[in-house]
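Okay, so subunit A shows up in both of these, paired with subunit B first and subunit C after.
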Partner chain A sequence: MRQHDNKQEPLWWTKNITYVTYMVREGSSLLIGVYALFSILYILLFYTPLETLAKWAHPAFDPLYKVIAMIGLAGAIIHSITWLAVMPTILPLKMPKAAQYFITLCLIGLWLAGSYYLSKTLYYSCFNY
Partner chain B sequence: MVSRLLLSFKNTLLFLFQLLKMKIKIPKKDIVSWAGFSATATISAFLLPIHIWANRNFPLQISQRPVWLIVFATMIILFAAVFHSLYRMKTLCSDLHIKNKEKIGTTIEKIQIAAFVCLILLTIILLLESLS
Partner chain C sequence: MSKNIKIEIKLYNPETEQISWREFSVPTSAANTILDALDYIKNNGYPSLAYRSSCRMGLCGSCAAIVNGKHVLMCHTFCRDQKQPIKIEPLKNFPIIKDLITDTDDVMNKFRSVMPYTEIQKRHLSKIGETVQTTKQRKKIEQSSQCIKCLLCYSACPVFGHNKEFIGPAAATLAYRYSADSHDKIGSKRIESITGDEGIYKCTFVGECSKVCPKNVDPASTLQRLKVMGVLNSFKKIIE
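On to the complex of A and B.
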């Protein structure tokens, strides 16, 4: 039986803007992952029953957390915008291009409005801390 | 610009009308698999940026004593972020044709499991603390 040779170059994604957007979205997950894992570690160390460990963790991790939070925020914003833009196209439905653009605009609007609402309700205390 | 927007709106309405009349057939299997993957992506996309911005100085910075709602929100968002980002990291290794992608994939899965265990432990610790 003849085998199909499916070897692609590692830089195959640089040839098309759609592929570049896809890789940017995938790459932003790396930043989100770093933030998520670091904040889990930080919360775990801060709320540990071992007081000595908690006292050491807070001043040592505090400046690093702020930097990683900004990195995570950049990744999250890139991921949100690219994901909301691609969302109408990956639905298992066929819809016209104009409808896809319209849905993307609506989703971005919904995301911004929702974020504003959350900042005034759930995270209100965080902003007035 | 306005005419384009109106056209988009008209096309969206036509599309929804077609969907209601069930002219478009959607395989049920596709809907389930797509929903499973995109659930964590949607949580990350909609909630993660504002969550990080609100907690940019300190995670759970609302007070030294965490409130149960903030605890739940944080744990759900972190769960979605870990699940989705590590899943995408695995696909990224595959897309970039990295040589040891199987090994890296196994390591990522182990990190994922460790993170989930930590999240469960944290939820229990923080909820007990907020109730005491």
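On to the complex of A and C.
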């Protein structure tokens, strides 16, 4: 007599919406990773002693960098929103769904305001846009 | 007034090692739960059906199963609320012994490993030997004390499904319940027992454990709090 090994199915994450959201959240970090790696490569190229290579590498002139930046941005947006959406579920309070959505919306609002402030003070001032 | 409903149960025969689905027709009324339906099947033509149950009032956690894809306590789930045919499966991520009965020994050992008891500090003892705890102190552990160890959270946890060594939601909740208890003096020893390689840091915050918990214990939140306690404990150890 043997026990049945009740293994996790390969497509377990398709079984409910929480699992799908989780996989999207984790997958979106890969997009941010691609952007981060590409940025590091560009910074290295930008500071290369070879002048022509440095010019070519300048992100503002390279459309490929813009595409990668867009991919990174999409990843960051998906990752942030899916994280913020899961936050109300860990509050030690029993709340109706409407209250949970409201908290998520407030968190998204705070995140947007924070992002705007950071981009205004750090990014634009650094690059003199 | 009784109405016939169709129930499909995932059965496992340990002698033939075969998994099969079998359909049953059960007369039920509006007041009948899934557990009542299983009792009817067992007492009327299929006596070998194996499942666990005890209190029948959502306190013992024995009758946890998956009904129509949802993690539930069968004694708390009414047949009238389910789409037909009602599909009943055993808990996921545990070896199946027979039909709806799973082998939970591994998780029970995990519960033991987190030292689920308090060693009372002497300063908490009153003159007549009572332990003193304020309402505020009690409130801190109230939610985590509600866990009935039904193991629905383990069944819903994909991290545990992937890695059976992971300490898991309920054991972590138990560890939190005793670590946050104002009486406790085990403290950092317990935290260290759950912060190892297969400990709380393996949790990737899927959040499904809290969604399926029938007692609103919220293990996902507890795990995040334990992570903070684990980090603070590491700093404390460095300072010492």
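Basically, the second predicted complex is superposed on the first by the 91 of 129 C-alpha atoms of A that agree within 3 Å, B and C clash if a C-alpha of one lies under 4 Å from a C-alpha of the other, contacts with A are read in each partner's own complex, and residues count from 1 in each chain.
Criterion: contacts are C-beta pairs under 8 Å (C-beta built on N, C-alpha and C of every residue); 3 or more make two chains touch, one makes a residue touch a chain.
Keep in mind it's a predicted model, so treat the numbers as computed, not measured.
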Check your understanding: With the two structures laid over each other on chain A, which partner does A:8 touch: subunit B (first), subunit C (second), both, or neither?
Key -> both
Exercise for review: Figure out whether A:89 sits in contact with subunit B (first) or subunit C (second), or with both, or with neither.
Suggested key: second
Review point. First (subunit B), second (subunit C), both or neither: which does A:17 touch?
Key: neither
Exercise for review: Spot which of subunit B and subunit C makes contact with more residues of subunit A, would you?
Suggested key: B
Exercise for review: Quick one: classify A:26 as touching subunit B (first), subunit C (second), both or neither.
Suggested key: both
Study note, to complete from the structure: Dual-contact residues of subunit A, meaning touching subunit B and subunit C, are 8, 13, 26, 90-92, 94
Point to revise | Interface residues, subunit C side, partner subunit A - complex | key: 12, 14-15, 17, 19, 69, 90-97, 102-103, 143, 158, 161-162, 204-208, 210-211, 216, 218, 220-221, 224
Exercise for review: Sort out for me which residues of subunit A touch subunit C in the complex.
Suggested key: 1-8, 12-13, 15-16, 18-19, 22, 26, 86, 89-92, 94
Practice item. Mind listing the subunit A positions that touch subunit B in their complex? Key: 8-10, 13, 23, 25-27, 29-30, 32-33, 35-37, 39-44, 46-47, 49, 62, 65-66, 69-70, 72-73, 76-77, 79-80, 83-84, 87, 90-96, 98-99, 101-103, 110-111, 114-115, 118-119, 122-123, 125-127, 129
Review point. Any idea which subunit B residues touch subunit A in the complex?
Key: 4-5, 7-9, 11-12, 14-15, 19, 24, 26-27, 30-31, 34, 38, 41-42, 44-63, 69-70, 73-74, 78, 81-82, 84-86, 88-89, 91-92, 95-97, 111, 115, 118-119, 121-122, 125-126, 129
